[in-house]
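First up is the structure itself, then whatever we jot down about it.
Order as written gives the chain letters A, B, C and D; numbering starts at 1 within each chain.
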Amino acid sequence: MIGVSIVGGSGYSGGELLRLLHRHPAATVQQVTSERFAGKPVSRTHPNLRKVVDLKYCTIGDLGHCDVLFLCLPHGEAMRRIGEFANLAESIIDLSGDFRLSDGEAYKKWYGREHVCPEWLPQFVYGIPEISRDELITARYVAGAGCNATAAILGLRPLYRSGLVEQVVIEVKAGSSEAGNAASDASHHPERSGAVRSYKPSGHRHIAEIKQALAADRVYFSATSIEMVRGILATCHVFMGKDLSEKEIWGWYRDCYKHEPFIRIVKDRSGIHRYPEPKLLSGSNYCDIGFERDTDSNRVIVISAIDNLMKGAAGQAIQAFNIMHKITETAGLEFPGLHPI
Amino acid sequence: MIGVSIVGGSGYSGGELLRLLHRHPAATVQQVTSERFAGKPVSRTHPNLRKVVDLKYCTIGDLGHCDVLFLCLPHGEAMRRIGEFANLAESIIDLSGDFRLSDGEAYKKWYGREHVCPEWLPQFVYGIPEISRDELITARYVAGAGCNATAAILGLRPLYRSGLVEQVVIEVKAGSSEAGNAASDASHHPERSGAVRSYKPSGHRHIAEIKQALAADRVYFSATSIEMVRGILATCHVFMGKDLSEKEIWGWYRDCYKHEPFIRIVKDRSGIHRYPEPKLLSGSNYCDIGFERDTDSNRVIVISAIDNLMKGAAGQAIQAFNIMHKITETAGLEFPGLHPI
Amino acid sequence: MIGVSIVGGSGYSGGELLRLLHRHPAATVQQVTSERFAGKPVSRTHPNLRKVVDLKYCTIGDLGHCDVLFLCLPHGEAMRRIGEFANLAESIIDLSGDFRLSDGEAYKKWYGREHVCPEWLPQFVYGIPEISRDELITARYVAGAGCNATAAILGLRPLYRSGLVEQVVIEVKAGSSEAGNAASDASHHPERSGAVRSYKPSGHRHIAEIKQALAADRVYFSATSIEMVRGILATCHVFMGKDLSEKEIWGWYRDCYKHEPFIRIVKDRSGIHRYPEPKLLSGSNYCDIGFERDTDSNRVIVISAIDNLMKGAAGQAIQAFNIMHKITETAGLEFPGLHPI
Amino acid sequence: MIGVSIVGGSGYSGGELLRLLHRHPAATVQQVTSERFAGKPVSRTHPNLRKVVDLKYCTIGDLGHCDVLFLCLPHGEAMRRIGEFANLAESIIDLSGDFRLSDGEAYKKWYGREHVCPEWLPQFVYGIPEISRDELITARYVAGAGCNATAAILGLRPLYRSGLVEQVVIEVKAGSSEAGNAASDASHHPERSGAVRSYKPSGHRHIAEIKQALAADRVYFSATSIEMVRGILATCHVFMGKDLSEKEIWGWYRDCYKHEPFIRIVKDRSGIHRYPEPKLLSGSNYCDIGFERDTDSNRVIVISAIDNLMKGAAGQAIQAFNIMHKITETAGLEFPGLHPI
């Protein structure tokens, strides 16, 4: 059994890691930290784990050595203590934004501050298995990808491999759990309920990841918060250099994803679930992708759905963990999602 | 025109008072206070009033004299400063719980502290026009009724007038705006969204108002928060001393409410809106009431719906205001609610 | 008083017309038709109008003469009977898609069938007052604009007047009432609740209206159904020929809309309601518009919100009605919307 | 491996059975029937099972022999064909209401028609393992309990064992999936969304099951539909013959449930999840139970939450299946639910 610990386990990603790891066939959770809830049972913050996971929070200072350390800290904290954490574990999987960009300059531009340890950036593998599986096999340090970035990158990658994309406009619809578990005026239920709120029309940090992963430049991105707790739907308007046939597009997607365990192409001609819908993915690690050709132009609309806490955070981290340890890639990630929900 | 001011106008009830008063044919809003937002336009906290109400918040210290002062302060604050407020206005309509109970002992029991000015209690009229219209005509001081209490009292009163009620179990389903506009862990959207949360199975303060208004003793009350922003549905299980016929029950309700402008008996034999539904009442001052006889027992189920911020707060306050000033009772309260919503 | 009748009054737009007209200072509703509910009170389908509007449905065959006829029929039915309706009334305001396009060929392309009376098309004025107020003053026949089209056109028009727009990607988030009041598998609550469903990634009919109204060609449009009953948010990614300053953009919007009673520019630097949100507009006739410059490109993101049943249907129809009859443009449309909701 | 087939598999319970059985360690699904979707893949109606369950629907006529037959037919259909089904399988687990009542007279009273095969009633064991585990071990025929009844019975049973209950008022809050997957006017999203609808204030059929299982008479029950897809919260107002201490109540619950794998007593003194909440149980087989003493009376408020499609239908059926086959009772039912959701 691989011994793992979780730093910053009282948040939503930490809770999902705990849920996934407690039934993982090859992992055992040693410690979970929370400065605020140290000494309290984890079910205090993760009520779904009552009678399921029997652990108590400790502090970071209490951490012992382990095989793998999952970091679920606020952005900026992992990089400040990375040396300390690296001494505690063979490998680290960081779920924050600290090590996603390979370039300190890009970090500065998008995060608005200097990276405190740019020398660590090259050591981290960007954690989307579908695009970096080979590197993950030998990786010691993994940077979990951003949730919006994951949805967009997975949806767009096959088209970018065609070399024909001219530009893309990505419009993300996001749930409230994306902003974490800290209450604020904006998350107050009477205000947030039923909202359709343009929270980041321009300048979203995930743009940097998308450009980096797709080696693309003309990427335009906006995000809108909608009435949903979990889930992301990315609608990507892709402008192609020439008009591709339906068959050609299918070809690019099949080529990329036919062996992928967590990608499903969803494109039905009838019924009510013709395209991906995030609510069907709650708790699952799937990324569902669909597309439609605009017969009036060279635009292809790509629709990509994930659960932001799973394929967008904890689930993808476990998938990377499995690859790093040569375990069946789907281990611990078999839950298919619910319907209806 | 009657000059009114609102103390504590940045909360949800304050916002509704502003919305109602700015188009009221006989009132003009002089000042609105908010210690936190003093100097800011009221649309900062009430975005629906952008371009509609052109006022800025002032502090309580800035208040001048007015005809009527509406108090929308947190429980406990109105009673502490009542003398000061009484010097500023001819009449006061208080929306807090401070002056609802006529008895200082009852206040202490239900609010867990001594009333600071029990001598003021007899001067306040309990502000449900359907039960105290005559007193309101001559009242100077009005205590706006609690929202859950209003729904329950209006639903139950006709049956209590029969003298046959033995006991009642009231189960209130409430929206999130009932708890006010302050963010908390419990109101954080990912936690509060979709919740069905027993927030007060016993000991709710509104029980005291209900017992007082109905002169009843065996009143049992629980409240559950559900996915809703505005609205209350009170389901009241009334155990009668004898089996009343449908016609007799109709008689009691008609007798009580046939001339009431804001009470509708909703009881359809077919269709999808057979009983009251709070969502249809958003923004309206109606209390919709339905009932069903349990043919297996002496139980009558009474279903009562209101908008907690309207008939449960600001709307009922304006209704009382109209009565006090001999204005058409429905003035400023004509909005009928929306469908669908 | 102007005598009006409503054809097809049992649907959602018909219900809103009834709600607005019953308190309109210059109109009186003579008849309302519904073939299915003939003989039944209108509150049977519009439960918010119980005790408010005391009318019964009749059939189309029962219709007498009136000053203005509002048509709320399914697409395709108005054009089939337009001659018959024109004999019944001085003017007609049609809320369907039948007379929105000025060109029979365009109709055929987007609606997939021949127009049955193309000779009537030039007689209809496209009913967005902000762009055709002058023509409405003398119009006899008005075609109410599509809801998504209204949101997009109003949001985009100032930028198009600059002559600098190169292309636009419009991403509409829409509520369930947009699809009308007929139940279907897709509208079944367990399936539709919480959905984020790409219902029309390409080929939406409203594209034709947008292109016509803006005299634009490179317009790309997708629509996604989200968890919401009323409301539309159109996020428009506008690619400009050159980089406009914030001030210049403000200039174009102010120039267009500074005297418009139903347009509000919503663009706050702080607070939680920085950009338009459709939920604040439920029941109101406002179109709230905001924008943000992408400092990394020539993209301007325009955010436009309406209530699809009001500014997107019944409200805008009443606004046109007021203009046609030289009544105060806001008559009957003063409700400002609710907060919180 | 135990060979199972599902009759009527295209509905919501059928979908959950498929989801649970495809990963069950001791069962293999042979056939699934749907007259409407025969020949189509099961993912057509259960989109969460895309790429997960690779089966096609057949008709009832195509059914071969199997070990266990799960019946998910509309009420009334199982009893009409029970002989036919009994010839096809060793055992039957029926999820309809046809065999829940042990007495044909009671059936007639509550279902409003004669039972067509009352001689079969004694052969069926009522399928709530916590109250009939011993009988289930040797049962061939199991009647899955009603969802509302399950929540109420499990919540109330410990108190009834005290012999001190005088009467109980049960108020159930239910989600929309309880009514099945057939679209109707009442389930149309604009109408059903945000509803708080008294759909069965009296006369609910589950009352019969509750009275039977608790051997109780004075049971009063109402059900209200709220904004929720999955889930039930039963708030039970229990009037006791004497005032029980907190400790005594704990004693009755502990005594009943201390070894139960799917019952959790949820009663926290602080935090935001002090009592059971159904949303935390989506996809899980837990029944969470909490209680509060009303210090003002002999009333105990019992709060009981389940997922209506799991512990209220498919999950409980699998639990019974496991017991019947001496498999670990939790096999296939380990999913703990999600947070946040």
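The rule is short, and it goes like this: contacts are C-beta pairs under 8 Å (C-beta built on N, C-alpha and C of every residue); 3 or more make two chains touch, one makes a residue touch a chain.
Predicted model only: the values in this text are computed from it and were never measured.
Asks: If you average the CA coordinates per chain, which chain's centre is most distant from that of subunit C?
Replies: Measuring from the centre of subunit C, the most distant chain centre belongs to D.
Asks: Does A-B or B-C have more contacting C-beta pairs?
Replies: B-C
Asks: Between subunit B and subunit C, tell me the centre distance in angstrom, where each centre is the average of that chain's C-alpha atoms.
Replies: Centre separation, subunit B to subunit C: 35 Å.
Asks: At what distance in angstrom does the C-alpha mean of subunit C lie from that of subunit A?
Replies: 38
Asks: Using mean CA coordinates as chain centres, what's the subunit A-subunit B distance in Å?
Replies: 45
Asks: For subunit C, which residues are shared contacts with two or more other chains?
Replies: Residues 12, 177, 181, 185, 190, 194, 227, 229, 277, 340-341 of subunit C each touch two or more of the other chains.
Asks: Within the complex, which stretch of subunit A touches subunit C?
Replies: 169, 171, 173, 185-186, 190-191, 194-198, 201-203, 220, 222, 224, 226-228, 231, 233, 235, 237, 272, 274-279, 290, 292-297, 299, 301, 303, 305, 340-341
Asks: Within the complex, which stretch of subunit A touches subunit D?
Replies: 12, 15, 19, 23, 44, 46-52, 177, 181, 229-230, 264, 266, 271, 273, 277, 280, 282-284, 286, 334-341
Asks: Sort out for me which residues of subunit D touch subunit C in the complex.
Replies: Subunit D residues touching subunit C: 12, 175-177, 181-185, 187-190, 192-194, 227, 229.
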